[in-house]
Structures are given as C-alpha cells and as structure tokens.
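In what follows, a structure is listed as structure tokens, so that the remarks can point back to it.
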Amino acid sequence: MTTQKNLKVVVIGGGSSYTPELIEGLINRQHELPITDLWLVDIEEGMEKAQIIADLTKRMISKAGYNITVRLTTDRKAALENADFVCSQFRAGRIEARLRDERIALKYQMIGQETNGLGGFSNACRTIPIALEIAEEMEKLCPDAWLLNFTNPSGMVTEALTKYSKIKTVGLCNVPVNMERGAAEMLGVERKDITMQIAGLNHLVWARKVLHDGKDKLGELTEALLTGEDKMTPKNIPPFQWDAGLIRDLGMVPCAYLRYYYQSRDILSKEFAASESKSNRADLVAKVEAELLEIYRDPTLDTKPQLLEERGGAYYSEAACELMSSIYNNKRTIMHVNTRNNGAIQGLPNDCAVEVSSVITSSEIIPLRVEPFDTDTLRLIQLMKEFETLTVKAAMTGDINAAKRALILNPIVDSGSHIQEALEETVRENIEFMPAFAHILEK
Amino acid sequence: MTTQKNLKVVVIGGGSSYTPELIEGLINRQHELPITDLWLVDIEEGMEKAQIIADLTKRMISKAGYNITVRLTTDRKAALENADFVCSQFRAGRIEARLRDERIALKYQMIGQETNGLGGFSNACRTIPIALEIAEEMEKLCPDAWLLNFTNPSGMVTEALTKYSKIKTVGLCNVPVNMERGAAEMLGVERKDITMQIAGLNHLVWARKVLHDGKDKLGELTEALLTGEDKMTPKNIPPFQWDAGLIRDLGMVPCAYLRYYYQSRDILSKEFAASESKSNRADLVAKVEAELLEIYRDPTLDTKPQLLEERGGAYYSEAACELMSSIYNNKRTIMHVNTRNNGAIQGLPNDCAVEVSSVITSSEIIPLRVEPFDTDTLRLIQLMKEFETLTVKAAMTGDINAAKRALILNPIVDSGSHIQEALEETVRENIEFMPAFAHILEK
Amino acid sequence: MTTQKNLKVVVIGGGSSYTPELIEGLINRQHELPITDLWLVDIEEGMEKAQIIADLTKRMISKAGYNITVRLTTDRKAALENADFVCSQFRAGRIEARLRDERIALKYQMIGQETNGLGGFSNACRTIPIALEIAEEMEKLCPDAWLLNFTNPSGMVTEALTKYSKIKTVGLCNVPVNMERGAAEMLGVERKDITMQIAGLNHLVWARKVLHDGKDKLGELTEALLTGEDKMTPKNIPPFQWDAGLIRDLGMVPCAYLRYYYQSRDILSKEFAASESKSNRADLVAKVEAELLEIYRDPTLDTKPQLLEERGGAYYSEAACELMSSIYNNKRTIMHVNTRNNGAIQGLPNDCAVEVSSVITSSEIIPLRVEPFDTDTLRLIQLMKEFETLTVKAAMTGDINAAKRALILNPIVDSGSHIQEALEETVRENIEFMPAFAHILEK
Amino acid sequence: MTTQKNLKVVVIGGGSSYTPELIEGLINRQHELPITDLWLVDIEEGMEKAQIIADLTKRMISKAGYNITVRLTTDRKAALENADFVCSQFRAGRIEARLRDERIALKYQMIGQETNGLGGFSNACRTIPIALEIAEEMEKLCPDAWLLNFTNPSGMVTEALTKYSKIKTVGLCNVPVNMERGAAEMLGVERKDITMQIAGLNHLVWARKVLHDGKDKLGELTEALLTGEDKMTPKNIPPFQWDAGLIRDLGMVPCAYLRYYYQSRDILSKEFAASESKSNRADLVAKVEAELLEIYRDPTLDTKPQLLEERGGAYYSEAACELMSSIYNNKRTIMHVNTRNNGAIQGLPNDCAVEVSSVITSSEIIPLRVEPFDTDTLRLIQLMKEFETLTVKAAMTGDINAAKRALILNPIVDSGSHIQEALEETVRENIEFMPAFAHILEK
C-alpha cells in the first residue's frame, strides 16, 4: 500500500454514536494516514441522528486541520466504490431489535446478551445476511479494500465474512484492548512496554502471556486480578468475583465474559433479576445514546465528549485506527484481532475465525501461534466455535435444525422443548430481517 | 486361551442382587466355558445378603448340573489368586451412598444420577480408588486375567483402569445391549441377523449403523423410534418424547441418556420434581432390592426370578457371559464394550476409554473404527470425555480444582459458587471413601 | 448375502495360467459357496491360450462334482451382468509389455520390476485406465458385486479403484499369505493357530504381531528369520541376507520386498547384472508360462499341476477363494488385504488403500488398527503412498509433471534428466495403452 | 532487553576466517548495539590463525571508533560468563576433518557434502556433542543469553540444541539470505521492499511467497529463475539447470540444494567426477582460507577484504548481526532462521527445528505459519527431518542402528552393506570426536 496517497475510508453505520471516537482516532494518526475522503453511510430511518454525527465529524476534522472531505449518504454502493478501508459498525434493527431480543430471551429464561445465547443467535441471524451483502458489493466495487468489522456479534460476523467472502476482513473487539490497557495499569508499567498474547474466540479470550522486558508477568497479573482492583473489565460489565483457586489453576487470565462459563448460575440469576427489574443492558444503552446525541448536537462541540468513554465499546475505534495505520504503513504491530485461524489455535480448523494476537502487515494479518490450551479450555473453545458455525449456517439458510443444534450445544443455554417456542417467537418478531426462516411460521 | 481347561471366575461384589442373572448366563454357556471355580467376594457389612445370594447360586448351578465349586469370601486376595476372569460389580458405600448423593445434589439443584453430574462425580470418587486397588492386586495375583467391569460409573471406572493399570479391562453396560435387542424387535427381525454399530462414551452412545442382510436399516429404525413404540430404552427410564426434526437431522439413533443433553430442561425439571416427592431412583432401587432378596431367600428357588429383568441393569450379565465365552473361544464376536479407543473415534486420544462395537478375540479387544461424527456431536463427546478425565484425576488425587474444572465443563451442571459448597458437603458425607479430599475440610 | 443361493463369479483375464489355482480354491470351498455360474473373460488376442485354460477348468470342476456352468467369452459386459464376485487378474499388454518395461528401465539404469520404480509406473499407466473402465461397467451391470483385484500393480490398482469407483473393492497379494504360512512353519505351529498382523502398503508390509495362544511370537520369528531358513519369501525372489542388527532394531518382520529399501545397492546391482545377462524376471515368467500351458493342454489333466505353486503368485487364489467365502458367509475371518485405510494406519489419509489385516464381514471389510509405526518406517510408507497417489494421477490424466514428481520421490529411483527421456521412451513404446500421454510425444 | 546497556558478545570459533565479516556487521550496527565486550574463543591448535583474526578485528573496530574491548582466549567458560549473545561458528576437527569426510564418502560412492549424506552425518557426530557442551555451560554461566548458531550442519545442530537445551537458540544459514537478495535483484526491486516467505529445513527450503507492495511475485521470480540468470544461488555452488516444467508445477522457488533431490543423478555424478579430479569442495575451501589469512595478516588492513564475499558463507554474519539488533531492539523484523517449529509447518512435530521466516522479538522468535506444502514436498521434508532426528540420536548416543536407519532413509544415500563399512571407517578416522561410537570398532 506504500505507494498510494489518497485513502478513502467508508463507515457503514456511520450514524452511530461511536463515530466521534473513530474520528478522534483518525485525527490522532493524521500524519500516518493520508485520508482524503470519509464517507458515512446509514439507512434512511437513521438519517436524523446520522446528520448530527456527520456535522460533529466535520467540526472535529476541521478543527484538527485534517484535509478530509466528509460525506453522509444512504447510497452504500456509491460509498464503497474504490474504498480503501471499510469500517462496519451498523446495528441491524437498531436498538429496538436488541430490546426485543432481551425481552424474548427473558420470557424463556434464556440470556438476551447481544453476542451469545439466544440474543446472540437472533442478532447473528439479522446481521450476517447484511454483512455478506456488503462484502459482495465490495468484491465488485473495491475488491482490494480491507473490511474492519466491529458490528456485533463480531465473532460470528467475522466467521461468516472470513469463510464466505474473498474480502480481506478483520474483526475488532474492545475486550482485548481493555485487557491490555488494564493490565499495564495493574502491573504499574507503560502500556507500550508490554506485549500481551490474547487467544480464543470473540468474547471468549484469555491472556496467555504478558511479556515485559523479556519476562512473562502473567502470574503477577493473575494475583493483581484476584487480590486487587480489576482494571481490565470494560465499564459496561458489573463487578463480580472470580474463584481464585480456579483461576490460579487455569494459569491464564480470563476476559470478563468468561464469568458466563465459570460462574454461570451466579451471573445468570443476577442478570435475570436485573432484566426483570427493567434495568437491563439494552435499556441502559438506549438511555446513554439519547444523552450522547444531545451533547453531539451542540454546534460548539468539536472534540469527542468524555461520556463516550464510559460506554462498553470504548477503545474499539482506537484499535480500528491503529489497525488501518499498521496495514497502510506495514508496521508489523502486534494487535489482537479476529482473523482466519491458520493453525494459530490447535484443535480448530484453519479456516475459521479466531481472536488472537497477530502481526499486522500491509499484505496479510499473521496470527501468532498459541501454546496448546489445556484440554478442558480447548473443549470449551471448540464447543463455542461449533455454536458459531451452526449459527452462521442457520443465519444463511434458515435451517431450523442447525439453529436447534447450535443452541443445544451452547453451555449457557438449556436444551429442551422451549427452544422451538423461543425460536418461533424470535423469527416472528424479526421476520423482516430473517426471511430465510419464514418457513417455520407457515406450519 | 484355548488350551486351558479349568477356568476360575471371581465376582467382586458377589453379594449383589444382580448375581443370579450372571449365574444364569454362565449356565447358558455351560458347554462353552469349562469353569471349575466361582468365587463370590463381598465385604463384611454385606455378608448377610451375600450369603443369601451364594446359596441361591449354589442351587442354580446344582440344578443345571454344572460342575463348579462356589465359594463366598471376604478375602479378596485369596479369590483373585490365579483367576481367569474377574467380574467387578461392587457398589462403594452401598445403596446408602447413592441415596446421599441424590439428596446432596437435590439440595444444590444439581443432578444426583449415579453416572453423571454431581452424583456421578461423587460415585467416581468413592469407586475409582477401590477399582484401582483391585487391579493392582490382580497385577500381582493373576496378571493375565481379564477384568470385566460393570461397576458404575462404568465409563469412568474403565477409563481409570485402562489408563492406570496393565490389567486387560473391558467395561460393560446394558444400554447398547438393550438398544440392539429393542432395534431387532422394532425392525421385526431376528436379533442374531442384525449388526449394530454403537459408538460414543458410556451412557453417551449412538447407533451409527444397523446392518441387516448387507443393508443399513438406520433410517427405518429412526422412524420406528420417532413414530412408534421405543423398545430400546431400559425399563428404569421413564418415557419421554424426542424432538423428531432434531433426531432425523442428526442421522443417528441416540441412547436414552442423551435426553439429558437434547432436552435437559424438560428432563431435569421432571427429575427434580420426582426427587422432591421422594420417588427418586435410589429409593426405588432400594425397594426393589428388598423385594428381590425376599424372593432369593426361598430355599426352593433354583432359577433366576422374572422380577430381576425389570431392573435397569437387565442384560448386563448376559453380555458379560458372552464376552467371557468370546474371549475364551476366540469367537471374533462383535460386541459393544468400553475399551481403549485406539483410533476408533477420531478426535479422542488413543489411550482413553470409549464405548464402541469391537471384535472380541482371545488376544485382544479390537474396537471398530467409527465414521467421523458430525462436529457438534464430536464436541459433546470430547467435552464429556474431558469431564471423565478430570473426574478420574480428582478421584485419584483429591485435587479440588480438577473437581471444579470437571463439573464446570459438564453441560448438565451449572457453574458457580454453589459448586464449592456442594463439593465440601459431598466430601464431608463421604469422607470414609474419599480420604484424598480430606484437606478441603481442614480450612 | 446370506439369503442368496446362486452365485455368479466372473474372472477378468480368465485365460491366465493362474486360473487353475483359483479353480482349485473354489472346489475346496464347494460346500460353502453355492456358485452356479463361472465366466472367464479374456481378450481376442488371448483366446487360444484362454481356451486351453477354460477346458482344463471344466475338467477340474466336473471331476469335483461341482455344479457350475463355465463360460469363456470376450464380451465383458455380458459376463459382468448380475455378477456377485468379479476377480480381476488381467495383464494389460500381456507378458510382452512387461518385457518392454524391463528393457527400457535397464537402459536408463532403473528398475523394471512390475510393481515399483519405472516398471511399476509403466504398468500402472497401462492398467489403471482399464481397471477403472471395468469398475464403471460394474457400477451399471452389477453395482452390489465385490471386485477382488489381483492385477498388478495391485496396490496402485486398488488405490485407484478405492478412490475413484463406488464398487466394493478388495486387493489381494500373495506376499502376506506366504509370510503367514512361512511363519507358522518357522515357529513349528499350525497355521490356523496363529494370527498375524500385517500392515503397510502392497509390497511394503511388515508383520507387526504374530499371536499364538495369546502370546506375541514376533521376537521368536525375527530370530528364526535372521538365524535360520527364511520360509516366508515367495519362491520367485532370489535368496539374500538381512542386516541382523537393523532388523532387530526395527522390531518388525519385513516382507521380502523391503530389501529394495534396506539394501538397495546390493539388490539393484544384482538385478541389473541379472537383467544384462538376460536372466531377468519377465523372461523367466514367459518361460514358465510356456511350460505350464503345455501341461494344461493335456486332456487327461483334471487337477492343478504342482509346477504352478513354484511361481511367485502362489496362494493368491487361495486367498481370493477364502475371501469370497468369508464375505458370503459373514465369517469375520481376519485376512490381509488391500482396502480403504479408514484410520488403520495413522499418518495416512482415511481414503487411501493400505494392505492391512482386516475383519471380513458380509457388509464391509474392517481394517484393524495398527499400533503407530516408528517415525522412519512411517515416513517410508507415506513416501511410497505419495508415489502411488501421483502415479495414479498420472495414469488417469497423462500429467507428465505428476509422473516426474512420482518418480523423483520414489527412493529406488534416481532423479535427474534421464527421467524425461525414460518417460518419453515408455510412452512411445506403450502408446496404445497410454493415449493420455500422447501429448508428450508431440513436441 | 531494552534497559540493558553493556552487551557482551562471544564468538566460539572466533579464529574463523569468517570473523571479519561478523565484525563488519557489528560495525554497521554500531548505533543500535551497545556492545562493550567482544570475546573470541578458539582452541589451542587454532591460536596462531586466531591471533591474526583477533588483530584484524581490533584494527577494524578501532578504525570504526566503536568502543569495544576485544579479547582472544581458549578459556571458553571465562568467555561465556554473563554473555548476552554467543555466536557459534566453530568447525569440529577443522578443515582436515572435512577433507577426510569427503575422501571416505567418495570411496563408498557416497556424498561427502558437509551438511547431508555421509559427510553431513559424520560432521553432525563430531559437532553435536560439542555444541551441547557449550549450551550446558551457558545454562550455568549465562542462562538468559541467546545462542546464534552458524556451525554446520546448522540444521541438525539447531535441532539438537532446540530439543536438548534450555538456551534460546537460533540457527542461521546464508541460503535464504542469498535467495532474498538475489530475488530482489532478479525482480528489479529494492531488497527492503520485498518480504520473502521461506520454509522447510536447513538446506531444504523453498520460497513460498515474495510479497512486494501487497502482491505476490512468486510466479514472476520463478520465470526469472527458469529463463534468466539465477542470482539466488550462493557462489560456492556450480551452475546447473532446473527442469522448468517440474519447477513451474511445484509452484515454489527451490533453494539450490534441492538439486540433490530433483536432479540427483546429474549432480552426484558431476560431484563424484569432481571429487576424483581433486577439485573437491573441501580442497577449494582450504585454498581460499590460506589466501584469506595471507591478506588478513597485513597490518595495514582495517576493513573486510572483498575476497571474503566470494565464499559460500557470505551474508551469514550480516544475518547474525541483524538478528542481534532485532532481538535487542525488539524490531519485529521478519527473518529466515532455524527455530522451533511450533506448528509453522504442518506435518512436523512442534518441537523440532525448521528453517522458516519468523518475527524476531526481544522475548521470542515467532515462526510464521506456512501454507500446507503439497504432499510430495511434505513427504520429502518429513523424511529429511527424520534423517536429522536419527542422526542427532546417533550423535548423542553412538547408536549404530540409529545411524543406519538415518542413512537408509536419506534419499541421496543408497542403502546396503556398504553402509556398515563406511560407518566403521568414519568412526575409525574420527574416533577422537566420536567416543560414543568406539564400541563398534571393538568387535
């Protein structure tokens, strides 16, 4: 990429309230990234909000003296033409769909979380067909562009794109970024001086190494996590306590989402209680969104407001911008991304998506090989990868048995006759986004 | 073995109420098996009951005109000396321990079943150390003998014996026998004319083929199971309904225990309800035991009473006797046993125990290679094998973290802080059988 | 197969001088195999010889009182219709082609042996297209029939049939049969009392176990081989001496063909010398053939003459007849055959052909899993399997680079520019049988 | 390593005529590498020559204004104490041993090359025990130091060190460096703008990718190699011609040593002829050595003389210096080194040494995963790795059967009875360096 001079960046779901963070990240890399065109794409229904975001974006860029033309459009194909980087951060069905997912899941005593369980399944079925449609357009309009995905469920969306599209795709998540930042703070060292090795699947990762000055500080970090303050967990996750003996025995530092597997009964009962008291995640998100938009509207605002950092997704965009720069400048940075496994994690197929520390070059993303996991951890990873694989299959085909086999296998979902009912209700309420499943309502 | 003429058979736990079935099986093979000595071994506390069984055994053998000397003893080493076949059917802690397991499990809303979940874990921790002790004695006293295990949890006991002893061990279970018998009946053919291929782990098996006259009748059997009467499920399992779409999609015939995985919420809620109403499995077993003993006491009884067939374990012993004869006579019969995997099931280690159709020869048990399972089924098998592996490790070492990692992984067990409490209570109540775990009560 | 009563057996290459041995084998199993029709198929050019064989066949069958109709024909399709067993023992290009192979190989200082090196390659290219044509006809005319192949190069022909045809195929070779017979003699025991485990590829096998009365006599057999008379090597192979230290270190008993790999310089120099002095193998075979035919012509001869046993192929046909009977009667006999690997030999693909001890049932051939080979032996096996795979590819497509890559890899072939020349000459002289390669002569 | 300021570098075999190149490399990186101490270690017999080298070294360093203390010693332990980098470039038995190897190999019509065949085997048996002794000393005296090995046979020495020592070891070879330099020249691009991916074993590597500006130029390079001038082959290798069809079909660019496998007869006959005419490689090396020493002696010489670049080893030392700097400065440079496989090449064990492009960090060498090789190439690699493994075993234990099994497997060695004789002669002539083999002379 080194010879190219005028980069075009496209943001699908550009009207997201996260966009200002992305803009800030680009501004911070102004001298590394010769961007000349930035296109924000959103759907008709989101235009009012998107216009507020686009205006703020222009003010921020102008203030920074960055020479970029910003465009807002609903015409995705026009935007994609000759793009260099495409950032995908749309939400299929917007926040309303997420609220529905949580409600249905709760009704059947299942989890409505947007990347796992019934909620994650529903979200995947809505989102994956659109993601593949975008990739198909890219194959025609900008076949050499990179697709940076932060749309959730990020793991499964990347799985689908990696397997069923030729577009170079990287999936991003803020969980590893938060772990690395938090670890540096907990160890009392500079973030730039540590190299973490992260491995697993999206929302199912462990830190396997924390190298500092040639030494592995994983044990020290484990003790800091178990006996001190946890600074690795994103702010959107309520505090909880690990089983210290178990974590020490594992010999790895788990990401916060692993509480669903290591302490499922404690967490799920807490979450069901919270859901019933209406203080659920989707409601909170909707509330923060409204506040943010109010702030963004202020015509004097020309920087990212502090409040944005308090959302779960903080640092997503920073990772995205660093990734663009590493690719463009062939930096060989080690970043933690969702990419094709290629043997990095033994026991998973080469062609599936994994979340692992990788060397970022201008030609390819090279996942670093991971020391074999203990068998029990490997089994959990393999199981969840199969959940993802079957969910992707169901999302693409509307195969109800694939859906059932996916959910039955998922360790945070109970199998049983309620699955059929929950699936039918999910399809009924999301039929606009899941036409492939229409047949199951016809009986 | 063909040149040997005087076989010595030892039954550990000879005072079990199942013994008459075993005796009947031996009598049926009188002309194939030149047994001259039969030793029934039991513990001091069980001698009153064992004497009743031994007396019945003598009457049955005498009636059949079989020239066998029957001895009852508490001296296990004397019995094992120069044995040819050792049948293990003891129950560590007797029926009282099983009642305790069910009670503790229920208290923590877990399953008390004797081969899986918390109950299976507890049973394994009581039983495996004794099983290994027996194998160690055999290595000294009868190193060439075969050990036929039907002691539960049969899968994990065989796993431990296969990995940690040099004795030739075969694990038996009545589930595949019942499936094969039932399938013949459901297909309307002679049992001898079908060859089933069974594969998986103990209590986690599927029929993969049902060959009849060179054709595979698996599809036909599946339809018979879904639309007609299920004659494959042992009588101790209450009736239930499979999800027809799911089972057809799997393309295999599941054993009844798979309802715990395919319909966990339905089944577990039913079982918890039953447990609370005191009509639990262990209570029922205790009741049938008492009735059986009453019948056995009758000095005019010299055949196996019909009532025995109504227990869950029916056909165990028939399988055991056929196995002895196949080994002794190098019959190359195809039987369904727990044995060293040796590549039969791809995706599991060579050295673990699996339950698969195998060729029985006088020199070795040769497991038949299984066509690769669909990935989701393989993941379930691998997960449960890891549960078994970690449970065996915990049983042998008292490692509390191995115990937790085992239970966390088990799909019918919820993870969480209740695990620690349930483990402590289990150890406290079983301390006599679990000295390796004493340390966890010391804090 | 148990219900069928009228078996039809077809022999492709029925005019072979080996046929009387096959007939003797069928006669010996008269009461196990209800054959009613025996079709001998041969080509027009071979009819004179074939008629002599057919007449002798009829005399032998008539003498035995076996009620079989014998037919000789050039109409292969008529013969195949509704066949139950098809025995393939044709030689593409007849003995003349083999003589040519040896001559060309000699010219380039390469080996002309009919199953390996340049000679084996040439033979495969002539034979495999015909073998696949036969299988294709069978798919239409007798899709449930079994194809028993003894046509050389047997390993590669079976490889091609196993991978590219749906017909149930078993490859046979007399090498393991001779090993088992010889081993029994060398150990001084009855052949029926030993069970050998053979494993590898055709003409590249080792005995891995020699079970007798539950004990493994492999060490004893090794010493007998190294210090006494070798009775395992077929009579067509001239005597030679193993390196005793090496063989003991291997811990396996090699088949005689392994001298090409363990003592290549000694053997090849001897063979090149023999070839130059015209006493090569193909000449000898032609001479014995002529003698045999003279004997067969005798209208009073109605049994297999002794001379036939002195040829390399002795016991081929006995194995073939036992195989037919084992399949028909579902005997579960353990035989040593070429069949689909299915995991029996670790380190080879499931779908390739291997030569391993297998359980013969009426539904399928079940290869017995082999304990992992030492890595150096495995590497040799893998290498030769790849030689076979590339040769099959070349034979089917005329791909000259596949041909070169096959020969370069073969450890008894030197790589270099002479390969191109030798290939061109081979194609030129065999163009009738290798039309796919015509393109390489066109430049 | 980032905080350390005073680096100590040790050169074992410091009296080598290659040393000036190493010194030049260090001087070129003067501002990246804060070296304060440079110890040249050599044996008593080499001191005269070593003194000449040490003096030249001092003159070169002084001229460059580099503030390093240079010491020459025979006391290896004193040198190793607290070392940071240890460069191993000794030759066990000096040039005389190599001359003997070539002579013996020639006598038995085998190849005397110093890294392969009988010559490589002999060299390994002399060298590996010394290399392991050095590593053992390092474990005590400088356990955190890096060992950079260029001592031949570099692949097998690194294999031994990687498996049997805890010291961080990297093996270097000039072959990939020459390929990358030559490729850039042949493609007409800057070397810094291409990223080659090299994979295989030492002296058995292929270029798998040649990335330039995001595009793979492998096809272009292949055509340049086949139709133009080969600038990738080190100058010590005489010109030869590839089979163009074969190389195109392989789809990889082979290193020059692959001519031994792809054109063995052509090359070996040429080499045997050359050997007989006394113009063999070892003689040439001895002659150049003498010339070089004469030049080095000149007290006015204070730079590396041009003649040195014409030897086979050119660019070894440049690679070594770049490696030191990359480690010290955590550069994440991609270099082509011998290191632990760790899954990079599928089909080889994790723990063996391979030669692959790797990311160099201050904590570890991370081999880049290689796209699976075509099966025939993989088989060749696996075979040669097994030759190496058995040779290392033989070198460490004196196991004559391991030696035979190694040589039998090697595709450029004929098996046969001459192996025993050649081994005995090799041991007899090298007994001082091969005490473990003394037993084979005792019979």
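Some notes on this structure:
Order as written gives the chain letters A, B, C and D; numbering starts at 1 within each chain.
In this text, a residue touches a chain if its C-beta (ideal position, glycine included) is under 8 Å from a C-beta of that chain, and two chains touch if they have at least 3 such contacts.
All of these numbers come straight from a predicted model, not from anything done at the bench.
Looking at subunit C and subunit D, no chain is in contact with each of them. Touch-path distance (fewest steps) from subunit B to subunit D is 2.
Chain centres here are C-alpha means, and the one lying farthest from subunit B is D. Rounded to whole angstrom units, the spacing between the C-alpha centres of subunit A and subunit B is 46. Here the spacing of subunit A and subunit D, counted between their Cα centres, is 46 Å. The geometric centre of subunit A is 59 Å away from that of subunit C, both derived from CA atoms.
Annotation for subunit C: no residues touch 2 or more other chains. The residues of subunit C lying in touch with subunit D in their complex are 243, 245-246, 249-250, 261-268, 375-376, 379-380, 382-383, 386, 389-390, 400-401, 404-406, 408-409, 411, 414-418, 420.
The part of subunit D that touches subunit A in the complex is made up of residues 1-3, 144, 193, 195, 211, 213-214, 332-334, 342-344, 346, 359, 361-364, 366-369.
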